[in-house]
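Some notes on the structure that comes next.
Every chain is named by a letter (A, B, C, D, E and F) in the order it is written, and numbering of its residues begins at 1.
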């Protein structure tokens, strides 16, 4: 798997293993059925058409199975498409596993666990520390598996934990420059702010929204969770309301999903750190795909902007 | 107290009991201190100036105490003002109590209690019924005391319960015309939608926002309360999420404070019923103060509109 | 016609009568012409392709004619499509009429006429009553034929009258709860508010906008009509301006088409009743198509929201 | 009346005749009544305080009467104020009339009448010509008296007619450069576009909104008038709808009061001409009051902008 | 080339020379490559499919080359398409040149040059005159070649100069009616306002944005150019800042690209003249394509409006 | 000067030196002139009234002079006011200088100079380094004197340089965490982004906008300056356009003053760093004035929000 699927150019031939992400059946103008396959590896995905699909094809080529494909990269309405010449399901002997095709965070789970534990360990305010530790423990398994979103940024396995770790380091650097910031509050806000995503989202693969996700959203879910954690731990201090506010306000504005804007300094900074890390992730991933002197494709979550990579750029 | 304080016109003399709502001290251009008193009765409030205020005056004329005032109604920058000729605190013998000066709901507490109980009694879905009953019971005392808001609509004693009772009757009338509506859900939504105000607001008199009110708001507070109630009652059905959604979405749009818009039919209708009853209350109160052929003053919460009372109007 | 066309699933065979709603000619990649037919019955519509269309086919398969079709339901880019195996125009003997394929209001014309007449009959203000009766009479024929809109809500035969009847019942229920409302004004507003649609729209079938509809809109059309009716009837009272205002303001805001917002209480309530009935209609029609536990498709006119049908839902 | 009242500077003494525009009574901190007078001449207005006002003062100094005032120009919270030393009502012998104090258009009524008549005379389309002439005739008296607005632009006697005359000349100049424009339509649009103001506004002095003005607005009023004129004249051609559209759309956007945006080329140009003439009027009047190198005061109707008069400016 | 390509109707046969504007390769459902050609003449463009394209076809049919095509006009998804029966590249003997297929301004370069020179010649303020002349000279070559935009209005060869000439005539007509306008400033503003487009855009054919265009935009580019011109010419008067402001503010609002709104009267008028001329150009071009009684297609840059050509229209 | 003027509470007596920031003359209701003085020290400002002001008072108490005041702190309409009992101008012997009353940056000029020099020294790209050094040198004197704004944030002497130094440290911390960032570009952007303020603003004391500031703004000014610097230094590389873009886009959105949004990764980060440092400064200054458990006053530039200082806060 020398070269990722998104790096092939129109006209090249491919002979690779790929994971089927989704399948749709259609009827061609000649009246015969065909399958539209979305195939992926760690670098991204590509559409492929399997013409004249037999009923057997339909039963074999299903989502989350791996295929070996031989074909050509062509262009259809401005997007690359894989024209299949030959396709087969993998055998037991093929040296590939599903996880080979899924993107994962660049840090190992243990390292991330260790870093976050250190940040919690250093907290001095016991109420903040206990609530944070309790909720992380309650959802630990999923926290280290889930992506941070279904798309846009950190949409990979362990993306949620990786986003939190990056934000913690950023929070630390900023708090060192502005010592009036309450580090306990800021770190707890970082760790809890998106934890509700483990209830909002369906899981790390083929991620979709749960009913709670659709009807309540991760912010309201986590505000309730903090309330229940405090009740469970018998904590009644102002820290409870303030932590709920940190989570509630971290999207910054009502129209972005926060019914209250940040009204605590650390909440405002949390909103900034969250945005900064998410945007860096989006810009870096888009810029990786272009050469110096080119613009990236438009990034919807960044106001649909394209970004330019200067010709004098080193990276 | 034949005529309410807001019904006097410029040039009239008054000789009435009034409740002090607030007091501010100032220094006049002659260098002497004076007090700006906001005085109220059940019909509304008026500003009064007490010139050359002595230190004793300052200690006697304090908020929530009753005074007997003799003076003239004048006009200051387009608003009526009470020019005090004579003022004194009430004695034990004066036949007045603080509650004589506070506006209250037009229905008695018992009647409202009875009506709401009937609506809960008729619910068929046990999960919805139990959560609704539990939360109403938990905050019953305050629910029947509190106003529905600090201003704009139903801002009087028991205003919250009165608003809920009116909405229940409206919900029933609408559900009879559109039988596809789930009455249990709609009634529960009505009863719970603003219940968080008993935590958001400070109380029935001189109402202000609590810390929870400022940092979280009544919507998020009640979403957490439903979550805790369900945990406490051991209820895990979809009704829990749906009831949380009813409360969460009842302001209709993100910019109006609901992080999720209504995505259940009954939630959309709840939003309408809430708006309709609040607007009727605001319009009626403004129109009561004008004569046929006149416009009301501008109502901020109704997009700053004035309303016209037609000359052929009966009411 | 046991099952409506929208209820077939991909893979099923159909053998049904359908009405041709529209036809477009295209050229296939093999260079041969084909027809894209939009076919409909009372439940909705489906796209079908007639490949290798002969000039005769083009002359036979025209809009508003009925066809018998045999074919398969397939999926094309996420939408169902009818793959035609056999098609023929209907003969005289086929037991079908055009109106069998058009949706109509659930109430009979006579019943609706009777109800509206009763509402007008009960009006006490003669100016309001006469103008309302005059305009209804003037456009009676079309009023009972037209839909309430070209799409979104009540877009079926007699939809306009049906919308008005539902709103009148809602107006009555609300006026009973809030007795300060002027029933005459409210009922007249309901009856007249959308009457301009009989000039704005082209008719009950294949509804489009007329020139007046495009350049003036139903609101301005009806405001002029009231002015002319009053002149014709010799009525000069304030009721004329107030009724014009009811119609003018019933969309609620300038950006929704009302150059003046409601400035009469009954105008504000009319706007609410209109919205409520239209939204109930849209939500009910969308929810009918899904099962408990599912979301509806997005409804553009409801801010592009999907609605969820709870699993515990009875309807 | 050598120098207009707005041209005096703080510290100067004045001894002039002025017209009372409005009077408000207040009570000073010493308990004595005072009158706030808004006094005006052709150049503008100034606030004055009459301290220790007697009941006789109140009955003598009433709106629309003329006074002789001696006093000083001072500054109160950033605005000039006239400090009255001496004031008296005018006698029969004083050589002043009310109209001396009111601003009027710079063109005589006859000249304006003559110009507009010429424009109508040159129209070739009889339907457009007849409707325009009929409506101008119907409201001729008021058309040549009324201002074009209560404030912002052309808010002086005959302002409406003057605005129309300027716009006609502008329309002619533009139509000569872009010959595809239909001059008849454009001239008729100019003449009719604001004619509804003679019903929307109360009159040329102390102008306020009528009930029709408040509830319908001049645009809807004139759309109805065109409809009635066409009925009266027996004209049924497309010109009727197009003229109604010209008037309806001349504010350009829904949020500026036009329920339909311009959808005819001449309607779009009418909107431009209207704006251009109104803005020139506003800018010129504001710039007249400042010297080269200064900024004007903020002009609310021009997005609250200040305009700079360059030091190299000739005018 | 009797009839332009956009004037053919579905079903007609064509046998014409056309310029290839762009080419995209695709793979048909039969697995064979095909080319999508966008072909153009002076009147507009049409899409054509070349099925079963050979490698030689790919090397012959490239952008900016001319072809002779024989084929049929068909309809594909509501747009006309050219079905190619026969195509060949032009020979040396074919009597056509590339410029025959490009739209050009209706005025000759010399005439435009002469007109603009006259306007500059008449300027009285030497600072304004010298800066304007210097910059026009600096970019003269490109100024008379470039379009005024990549799409929307004046998107043809010499469109920029033609737009400026029309605006100068309009500016003159307006300044004659409102003599307080500073003609030097207004004319200079007109000439310089879009001159930055010669740096923002790539050139007169296949126009795209340059890096400066994308990252800075023509407004900022020209503001810098004026600054450099003044430094070069040793001019330091207020005219420099005022001219920069004219250019900077000519889009009228921040959201339309002007970081400062017009704050000089002539800047406001420049913004109007620019808009008026651009809109006239867009409306005329759209209306030319329809018959009386029809609506144009929607014009994106005019708020996506359609315009109606009245049946009584002469043009 | 033990305690700053803003730390006195209502009822306290003061006997302090203060600087006169501004003076306005008024006429009291007794007809006598008075002066409204805005007095300031390093901590902030207070309004004071000098009643019965003599002409001599007017000539003595002028802006930027120092006074000794004895008086009382009172409350006027919710704001503290200084009631003057005694006031005198300072004598030569009074141990105070104007700079004692002006707030200055917490870092010394030399330290800031040294830090910035280091950042420039470390740049590796010679084009970026030379342009940055040239422009800083050109405006060095003013750069270290000017505030960063007239209000909102860093509105003190050397505020501009201090803001830049804080941002450089923040830029370094962030670039260390996200190594793909181009440090040269980021540091140059930080140093140049607000440098145009030395032309936009009038100076460090009584700061107002210059004509260039009003008509062009600091962003456009600096974009021109970079253009001229590059021309002067003979630099033509892409760095010039990219640096101009960094400055041009640093307000992030058109409606915030940037005609182009950030389209370079470092430009996006510059926008963030600028915002973060400005907001920290505003929040810290507001929170310093309140005690734990209190809300700050509303901060206009932070969407008019109040911030809460938790009771468990250490700072």
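Keep in mind that, in the parts below, contacts are C-beta pairs under 8 Å (C-beta built on N, C-alpha and C of every residue); 3 or more make two chains touch, one makes a residue touch a chain.
Because the structure is a prediction, the values reported are computed rather than measured.
Novice: Which chains are shared contacts of chain D and chain E?
Specialist: C, F
Novice: Which chain has its C-alpha centre farthest away from the C-alpha centre of chain C?
Specialist: Max centre-to-centre separation from chain C belongs to F.
Novice: Please pick, from C-E, C-D or D-E, the pair whose interface repeats that of A-B, with more than half of the contact pairs identical by residue number.
Specialist: C-D
Novice: By mean C-alpha coordinates, which chain is most distant from chain B?
Specialist: E
Novice: Could you put a whole-Å number on the gap between the CA centroids of chain B and chain F?
Specialist: 43
Novice: Using Cα averages as centroids, what's the distance between chain A and chain F in whole Å?
Specialist: Here chain A and chain F have centroids separated by 40 Å.
Novice: Mind pulling the chain F residues that touch 2 or more other chains?
Specialist: If we look for residues of chain F contacting two or more partner chains, we find 29, 211, 214-215, 238, 242, 263-264, 295, 308.
Novice: Could you run through all the chain pairs that touch each other?
Specialist: A-B, A-C, A-E, A-F, B-C, B-D, B-F, C-D, C-E, D-E, D-F, E-F
Novice: How about chain A: which of its residues touch chain B in the complex?
Specialist: 211-212, 214-217, 219-220, 223-224, 227-228, 231, 238, 241-242, 244-245, 248, 254-260, 263-264
Novice: Can you list the chain F residues touching chain B in their complex?
Specialist: For this pair, the touching residues of chain F are 10, 28-30, 34, 49, 51, 74-78, 81, 83, 295, 308.
Novice: In the complex, go through chain C and note every residue touching chain B.
Specialist: Against chain B, chain C makes touches at 125, 127, 166, 169-170, 173-174, 176-178, 180, 182, 185, 237-239, 242, 261-265, 268-269, 272, 275-276, 279-280, 283-284, 287, 295, 302-303, 305-308, 310-315.
Novice: Within the complex, which stretch of chain E touches chain A?
Specialist: 24-27, 29, 31, 33, 211, 214-215
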